[in-house]
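Inspection log for the structure reproduced underneath, given as structure tokens.
The letters A, B, C and D name the chains in turn, as written, and every chain counts its residues from 1.
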Amino acid sequence: MNSIFLLLNLLPILFLYQFGGDLHVSLSLTKEFTLSLSQTPLGTFFAYLSLISFLLVTIAQKSKKTSFSYYALQFLLSIAMLAIVLAGDFITFFIGWEIMTWSSYFLISKSSDIDTKSLQKYILFSLASAFSLIAGMVIAYSFANSFDFNVIQNSFHTMPFNIKVALIVLFSLSFFTKAGVIGLHYWVVDTYSKAPDLFSSILSAVMSKMGIYGLFLVYGHLVGYAELKDMFGVILNGTDFGYVLGWIGVITSIIATFKAITQDEVKRLLAYSSIAQLGYIIAVIGMGTSFGVAGAMYHTLIHTIIKLLLFINVAAIVAQTGKNKFSELGGLIYRTPVSFVMLLIGIIALAGMPPLGGFASKFMLYNAAIDSKFALILVGMLFSGAASFLYCYKLVYGIYLGHPTSKDLETQKEVPISYLIPQVILALLLVATGAFPGAFIKVINPILIEFSLNTIPYTSMGVMQSAVGNFNGLFIISAFVVIFVFILLLIWRIKSKAKNNLNRFDISYCGEVPSKNTQLHYGYGFGTDLYRIKFVNAILKRSSSPFYEALATQTKKTAGLLSRMYYGNIHNTMIIILLFFSALYFIGVN
Amino acid sequence: MSLGYYFLLPVIFSFLTPYFRKLGTSALRGSSVFLTFILFVQTLEYTGVSLPQISQFSVAPPIGIAFVLDNFSLLFLLIFTFSGFMVSLYMLWYFKANDNTNETRFYVFFNMLLAGSIGMILSCDIFNVYIFFEITGISSYALAAYNKDKLGLEAGIKYLIIGSIASIFIVFAIMLIYLQIGTVNIGLIAQRYSEIDPKIAVLIALMLFIGFGTKAELFPMNFWAPDIYQGSSSHVNGLFSAIVAKSYLFVFFHLFYLFGLNTKYTLLIMSLGAITFLVSEFTALNQKDIKRLFAYSTLGQLGILFMALASNSSDTISGALFHLASHSISKLLIFLVLGILISKFKSTKITIVGDFKSLFLSIVLIIGFLSILGIPPFSGFIGKILILKGFALSHNYIAIAFILLVSIVEAVYFFRLIALMLDKKRTKTSVPVGFVNYIVLSVLAILIVLFGVYPSLLTHYTDLATNALLQPHSYLQFALGVGL
Amino acid sequence: MIFQIILLIMLAYVVGFIYMGLYRNITARIQGRYGPTVYQTFYDSIKLFSKKNSVSYGWMFYLGPVIMATGAVLTLILVPVFSDSDFLRSVTTQGNLFLLLYLMVLGPLGNALAVGTGGNPFGVMGVVRGLTRLIGLELPFYIAVVGLIIASNSSDIVHIIDLQKTTGLNILVHPFLFIAAMISMVGFFGASPFDIPGAPQEVYSGPRTEFSGKFLALLMSQGSIFAFAKLVLIIDLFLGGADSLWMLVIKTFAIFITIIFIGIVYGRYKVEQAVDFLMKIPTLIGVIGLVRIIWFG
Amino acid sequence: MMESGFHGCDLDDSLKCKLEESGTQNTHSVMEKAAAWFRSRSIFVVAYGTGCGAIEMPPTFTSRYDAERMGVVGVATPRQADLIILSGYLAYKTLRRVIRTYEQMQKPKYIITLGSCPINGGMYWDSYNTIKKLDDYLPVDVSVVGCMPRPEAVIDGFSLLQKRIKNGEKAGWEKYDENLDFYKKNQKRVLGNHVDPSYETDWYNLENGSEV
């Protein structure tokens, strides 16, 4: 079954490749509705991104017992996403969007530890997002008389100002919910952590990117960055709109980063990290400059790769050990060395460390902020980046380093090869993007042209060019490797004998001898310091859940109040009818 | 076939039912299937004919009946006959699976119900409308109570009382009209309605509004409805939801537009529809009884229909009619599936949807749910988006916001049910579906999907129906031409 | 080219060690002691390299210090030590200030992996304290760097140095940024009051707890190279760089002695106090400088 | 102050100590001589404050006497240390930790004891839970006598140790390696079977039929 669906997943890629970037199909549903696919450079990028992700995840599913319906739904999901990114009008977009919503809902429900509350959270937020989208699209229709993107784009500037703002707000809300902007992220963490382990990678790596695609579509294509600038005016070197979005993104990423550090469940940490990383993208997506778009695109690519890698890695570990908490894992480094290296590459990129692709995308993001002179936003981004080192380290330490917290961890074997193949591919991609950061500029430039922005100069594969300095990824990575090897050889040559097979309990422990019962894994203690820092404590204490819980309670109360009306006896009904009639009569006559 | 047979055939079959019973149960059941099949096929034939059409039966002039079929009533006729056909097929299974001595009684009133509701939408004489109104009413009371259990009897009695009150209002209205204009022909009334003294006109409008509004389950006259749904069998609920409520809705809006009430009362009906939608969806949240839950859901959808149909704009109405058709099919599907579950578990708690194990039932049930929620690629989506698009074109953004916000509340309980179905921790019992149900339910589900992916099948008719409703010249011509 | 780089590393090594020795010596003098010779750290390093054995908990433990040293050396060659040297300029333009900001953390994170592998909870506690402190420590420094980048409209250090020849030294033009950066620098040097990660009274010596022999020696060596690189970075950013060895020594020493003097008079902050402090006063100073640049610059 | 040597193993006669008098040259190549010089110039101390001698340590390392000028500096962990200072009597309980600490130090490593107690039990000569002669359990390099020795004496001890390191004389850790049986046997006598963590001395404990 796996191989069948592997081939099936290859089909859309081949199909897309066959059309060579110029796919325009349309099919009339009714006299008003047309289903149309229209390929743009932006859509093509996202299409390949999602399709290849699905392919890799399907490879990883090989060794996990997976039912036919799971595969079928996943395939349906990939087709729905293809429809979203290739859609030429809102109807197609929305149909794809909703099929994505419910097929992912059923996929999530296949997890063994899902509960009704999380499912409800997911679907309600998804539907709220969809309804916000539908509101936007019908309002746009009422002025453009068409759901076609190009028609809406052409008639957008003729709409009244308040309608323009309403449209931007509605679409933004919808896509923000999907991307999990803080405040609207209530569903994200539970869903990501409780979904089937491999499906979490799709959720985080691909599905959240559909929100980003939507934002690009609206800001870049439908509204247009020039129009945004005209509408909202200019602050510093950027737009007011970009400034607001910048703060939204930065606050999202700072809060989510701190929340991530304090999580005990591996997938919850990754979920918060996902929110934080998408915060970066949102921070620059509205800036309306070439670098803003390029940074957001680049980070989209890198984040997809990283999150696929990390979630597949974690899924493999969870499948292998049956544990998903930092306090229950640990010390797997020499049991599963390949997995460890893969995760290491992932977190180096996640932290934005230089030799790998993570830095290239961060650099683009920072350049975007510099370009618009949004200094404090840039500082915020850097700050959240610095805080993210903590959760990156927690991720690798909690699972692989330190001490095994239970006996069965000491006898684990390396995870199945099918989990490792996609990880190796993704890790190589991260190295490649790190070494050749400039190569991606070629992909971005057509999109910038599509958005009628200036293109970014391209010099060579290895060099990332920017207005305020550039960096040579190839040089950095080769210098790193050369120095590393040099120092390694040096230290290797030094005679001081390294005693390698040291027992893991043989540590400096104040002269004591720790035993198997001694709690030596520090996985649990991470982030407790943070609660004592006033500023961070203020963030960690707050949560969006009281608000939504209160909303749910109030809704229930209202429902209870209203339903009391329906439990009266027949006399009351009659009296109500008569009273209503007389009331209406007097109003009507007078 | 003359239009009159739409009324006559069911009546005749209804009266013949005891004799069919004597021929054997299969003849009894077969007769109903045959009848509904004939009616449905006949209706399909009318789709290709130029409309309106008229046929009259005069006993001795001026006593007689005249039927007019225009595009608006054709749509309803399609829905009714199709739903009737589906239900009668379903009953083949139902009576086999459940020992029920009331079989004959059911078929009598089922045929009668069809006769009444079809007569109501075809008649062009307001007094005949009233008569059919009563026929429909009486058969529904009987159907509600035919289980003869406590809840069923309570439902029947309640329904009877409320129905009588509604009829009183209608009779008064008809009397007033007759006193003022001296005719009961709808065409003539429509022409001369403006001549009525405005104060009396208000009174007539309100009485008609209360009478039909009560039956069409409009807030605040719908407090009886959930009790009735709770007391009746599930397939009867399907009939109520797909046929009965829709037939009252038809008359309500037919008169609404013919009498030119749309100029004055649009806002009132729209806001009442909105409140219906809001109140019922919120109330549905806390329901523990599955039939009651879907009663509220039906009320809510009717609320949307009231909002959209009263909106005076052809786009919205066309969308509303699409939604109406889609809702009839989806609700019928849901109620039939629930019937299967209820007869298996002998319980009406909402948890029964989490207890059964049948892939087929799960899939069709979820299709029904998603369609009602308006999620693509199912027919409910097209209906909803058409309605919203219509509101958007008339720049009625408040209505859009309202529908979408309340829809989220609706989603809460629908997805709670779906989550129950998907909950792997519950112990699941397999449920026998029955061969005929496979056909019935798949046809319904396929139609939902078909209208979802290929809506122009249906939009063709809804557009014609909208035109017929908003520009009733040809209808009026025919109605006036009734030579009684 | 390789030769030049090796020469540079040697220079950094020697100067770094002497500075570290001076650090101990000056500290001793301030405390009224005679103190060790300035070469003491060099002796320590050689002694550690010549230890008969050094514990290792596997290959990741082995590689950690190497990664850390790589980070330090890479940082060094990307900071223009001599602002006039064409060769160094060409090398440093391969990177930029953002790259340096991240490279400066790369080493410690690499080493943190080794610490984690070592399995000593005290070591990991040290790392976590270090990373937590880093949250606060980086903030003023980031503000300063971002301010400079925006003020000179370039993240290229060479360009920032060149610009100071016309506009005047950044320490005078942007004093607020300099103060913010200096407070961070105190922490980057592990001087009081921000020396909580390796507080010997609490967590042994923090991240270095399990390192012995050649690994400890490598860590010490990279520490001095890294310290030198950081000093050079500060003088490049704020003091217009150095074009000769003498200028380099004088300027770096000036910065260095300031840091020593700050470090010697303060007690140790707890980690939350440190972050709290860093998020308040230096950040505020930095923001004032930043706002001055963006809105009034 | 006296130099510690192996002048008799009165506690156990079954094992023979391979005694070598101190003063033997152990360094041959230039490299090793240089290394020995550097070692003597830089001594990292883990100060194990047993007994009353702990009070003498702070003055030794702080302003008044400043051992750092000789390159002697305190560190926190045994992994980094070259020298352990035991500053007083050693109860059995303490001995267990001291042995553990000593074995975690990296070679070359040295021991300096302060006061009389580690030499002959001092005032605890008839205590039921105090060892009398540390040299039977761990190889002491330098014993600084006195009750308690003043910091000057301690520093004198340091310089003696430095001289011995510089000269490449055979140090205690080498003797410990060579006579491990002897030391372990003695340690076991006072500490019972659980002398050390099993992974260090599996061979030893298993030989005696005890499970750890």
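In this text, a residue touches a chain if its C-beta (ideal position, glycine included) is under 8 Å from a C-beta of that chain, and two chains touch if they have at least 3 such contacts.
Not measured: the values here are computed from a predicted model.
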item	value
A-B or A-C, whichever has more C-beta pairs in contact	A-C
Subunit B and subunit D, separation of their C-alpha mean positions in angstrom	98
Cα-centroid distance, subunit A relative to subunit B, in whole angstrom	45
Gap in Å, rounded to a whole number, between the CA centres of subunit D and subunit C	38
Of all residues in subunit A, the ones touching two or more other chains	506, 508
Contacts with two or more other chains, residues of subunit D listed in rising order	77, 79
Touching pairs among all chains present in the structure	A-B, A-C, A-D, C-D
Contacting residues of subunit D [partner subunit A, same complex]	77-79, 96-98, 100-101, 104, 196-197, 199-200
Touching residues (chain side subunit A, partner subunit C) in the complex	236, 331, 333-334, 340, 344, 348, 351-354, 359, 362-363, 366, 370, 373, 375-376, 378-379, 382-383, 386-387, 389-390, 392-393, 396-397, 400-403, 466-472, 475-476, 479-480, 483-484, 487-488, 491, 494, 496-500, 502, 504, 506-509, 520-522, 525-526, 529-530, 532-536
Interfacial residue positions of subunit A with respect to subunit B in the complex	28-33, 91, 94-95, 98-99, 101-102, 105-106, 109, 112, 116, 119-120, 123-124, 127-128, 131-132, 134-135, 138-139, 141-142, 555-556, 558-560, 562-563, 565-566, 568, 570, 572-574, 576-577, 580-581, 584-585, 588-589
Residues of subunit C touching subunit A in the complex	49-58, 60, 62-63, 65-67, 69-70, 73-74, 77, 93-99, 101-103, 105-106, 109, 112-113, 116-122, 124-125, 127-129, 131-132, 134-136, 138-139, 142-143, 146-147, 149-150, 153-156, 159, 204, 209-210, 213-215, 218, 270-272, 275-276, 279, 287, 290, 293-294
In the complex with subunit C, residue positions of subunit D that touch it	35, 38-39, 41-42, 44, 62-63, 66, 68-69, 71, 73, 75-77, 79-80, 82, 106-108
